[in-house]
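Structure first, then comments.
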């Protein structure tokens, strides 16, 4: 399984440019918002965490659709389906590799963009933390969509559509935890814990559902 | 060439692609935003044009990368390269078909989403206009990226570095023109004219560069 | 027990596509006629009853808004039942029913959204607010469109069936949210006044056309649904005959 | 500011349009499918179960 | 006890229609079965069912004579389909070593090293090239090296020799004989003779039953 | 004057390496040239150079005897590579009619109708099917129908018969003979005999020169 992880990382560095395209898109989104709301620093810092989260959410969607499709097109998926190793595990490892290559860079880039948005240090730290625990959930949810769309020639957008509604809870709790860290009365921990719970939940459900979908889609 | 246009439109309608899914994705993105920033109508109407533009940018980017890759993978690209018809024209027609199938529906759906973002009628009209003249530019820029990506097994990074920075000016002028229409002191026309100029510029440069890339990349 | 098995036999008789086609041909003209008559009566009532002293003319929007809102939820419920049918009993017709209902449901939901907005502008002064009721209806609309897109994208119905059935059932949580959102969260939207415990709280003056229109919309739904199911069955037959042709091609060479 | 009647007319108009569109869609779809079935039948392709005497 | 692949009353569907029905055969250790038939008769479909990639409509695929637990017969199979299951962007060595460690060996044998395997296919010394740089036949041969680096007693091959030149054909025939000699099983769909002694299953297509020749 | 394909001192590179050098030959109207050689010897590379898809390192590909202006020899060529250039989602008829109208006919001939073309390949009456529904061999045959619907005097074919069954092999050989009889030119790379009389160019590979046999 380590070999699968390494291969996927290698592939995304070598080919798809997974890491960079996500980060670049993230930056683009964040760069455009000040143009939109004007140079009102207070407003910017207020909507900062929300914008960072939206940007990260959308950026994680890029490339997610090819998670299994590329494997199917060259026949690798067939072999993966045949192995003794449980398919769920294979899916899980692929998700982790995908997150490492394209979700982690987003988390790392977040503080920089937070500065652009004039966010306070606490807010930046909190947003980064919530992104760190929240973005894997998006990958896991996305894996289900990718598995469903695996046989579709242009599944790309469809995946995002299936994924986005399910990702809304992640977004809500992520953003509210980030806000809670800045605004005094609201406690930070409960939404963060819920976010962790959501991530763990999808870490179990996502690969299971994706494995099921892959099995039944095979033809 | 009409046959190519019709085929590409057919493909994007048939294969669960294009129109419906793009619009749906656009709607989903817009629906997600209030969950993040909260249902504050003033704030929403303020960031409305930016969100519409970001959504449209992302919706046009997703799927654009397959513009030539799909043709290459099944060998059609080889045949297109061999014909008497100039390659630039083929590329241009493919871009136009792609925009008609996936960019135009976005423009048409924009007013509806503008209402959801509580934007004023003027803002909605202006955003729609800027989207109408601006989204083709994104398609043309994307075509260059897609052409570069098509044969470079390691071109992924290059594409993202190429496409997104070039798309940023489009985004910025589009958004600022939309805002200029609402806010009195800023004039609407100059940014709109710049946007039109950018689009025309890329309508010439994009297909040329893409054709060059395709020709030299062929192997 | 024998009664039970008889019911099952009846049910599976109906579930036989060929039988269904015959039945549909028989029933459709009558249903369509009845729908047209009810719409005529309903529309007549809509425009002859008096306007509300508070809402003026705009109360007439209610006669299309409320039935289409109800129908949008009912249609999803029908789809959810069909999804159960697909997953539990594996009835071939269940998937056909779910597939055929999606575009119709999307149509009604679209109507509910548009008429609601058109009502909201004069009443609340805005086309749209992101309150629980409105947002959840919008999500319902997106779900319909997503299901349509999914079905269109998968060219093999057998394969799409299970996936979309699961998706429909997952999305069903939205229905109670729509229904009770006005009670759980404070929203701008009207709470239930027709369908509620303890009798209707609406003036019979408005109730009469509303109910007629509601029945007319419901019949319209069934007419369209049965016709669309018939189309879907035909579509599948065409597909399967084409595949068969593919296989027998070149046999004599 | 639109008058209230305009909102009413707009809602009824859109409702009528949507319903007509739905009906037209179902109807044309049905006609197209029937055409295809006829074309296949003319090409001599029949369903296996139909060939076997429409048993199941 | 040597293993054998037992197929009983197998039927399979594509879309809505039966492609073949009631196919039964037994292939025992050391035997090869060649599946032949015209285009579209269902050869590939049969192989995919055997590899557990397509669900059978009725009937079963079973392994007899194995002394250890397995979850499913497919776990003891190699499947070489039309597509090579190799990434163009990675080098041959990276591809092969990934599959070697991902697939592991089945009980009862062990795979050989990468260099050895590429040499066995006559392409030693170029495993540092990206897979996408190879010619069609070289790619196919490298995909065959997968059969050697991870041990599986059963090989399921779909038109394995389509792109191979004459010498590679012979190399491949030798590999197949070696595998059979070591008690392996080979099921292959081909339009050309495989170059080893084998029983033949003729698919007649159109839901006709296959005949053993 | 009948046309002829003239190749002079052709060399081509892949990446950094010369694959072949100084290949010269002339194929005149009505002649077929079969390119053979082991895997990786540069057959596909040669064909791609002839089709103008890959730039030659030195040397030239020229057409003699044409009476009209052309921009490049490739405009008079059909190229049938490993991949079929057909969309799985569109029906066969849509695919073929797209290529027919997109490619148009070269001067000096005209393509035949879609139905006629599919019939010539033994698959008449199923052109309303999505291309993806067909089996590997059926797909290949439909891709060959492209050669017929748009007229080109020169056919460049890369392993055309790899997935075909025996009867389709014969059909294809007949098509090639017909094309040659009408003054066409065929250049094909194969590992199996093509079934028509042809000159042979053996590629020795590894920057060796091709030999005419």
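Per-chain residue numbering starts at 1, and chain names A, B, C, D, E and F are given in the order in which the chains are listed.
Everything below uses one rule, namely that contacts are C-beta pairs under 8 Å (C-beta built on N, C-alpha and C of every residue); 3 or more make two chains touch, one makes a residue touch a chain.
A quick note: this is a predicted structure, and the numbers were derived from the prediction, not measured.
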item	value
Target subunit D, source subunit A, minimum contact steps	2
Contact-richer chain pair [C-F vs B-F]	B-F
Copy-to-copy rotation for subunit A and subunit B - C-alpha atoms, rounded to a multiple of 5°	175
Farthest chain relative to subunit B (centres taken as mean CA coordinates)	E
Inter-chain centre distance, subunit A versus subunit C - centres from mean C-alpha coordinates, in Å	34
Separation of mean Cα positions, subunit B and subunit A [Å, integer]	23
Euclidean distance of C-alpha centroids - subunit B vs subunit D, Å	33
Residues of subunit C whose C-beta touches two or more other chains	139, 142, 146, 149-150, 153-154, 156, 240, 242-246, 249-250, 253
Sequence positions of subunit F contacting 2 or more other chains	14, 82, 88-89, 125, 133-134, 138, 167-168
Junction residues of subunit D - those touching two or more other chains	43, 48
Touching residues on subunit A, where the partner in the complex is subunit E	1-4, 6-7, 10-11, 14-15, 73-76, 78-85, 218-219
Subunit F-touching residues of subunit C, taken from the complex the two chains share	155, 242-243, 245-246, 249-250, 253
Sites on subunit C touched by subunit D in the complex	16, 18, 56-58, 60-61, 64-65, 68, 103-104, 107, 110-111, 114-115, 118-119, 121-122, 220, 224, 227-228, 230-231, 234-235, 237-238, 240-242, 244-245
Residues on subunit F engaged by subunit C in the complex (per definition of touch)	89, 122-126, 128-130, 132-134, 138, 167-168, 171
Contact footprint of subunit A on subunit C as seen in their complex	139, 142-143, 146, 149-150, 153-154, 156, 159, 162-163, 167
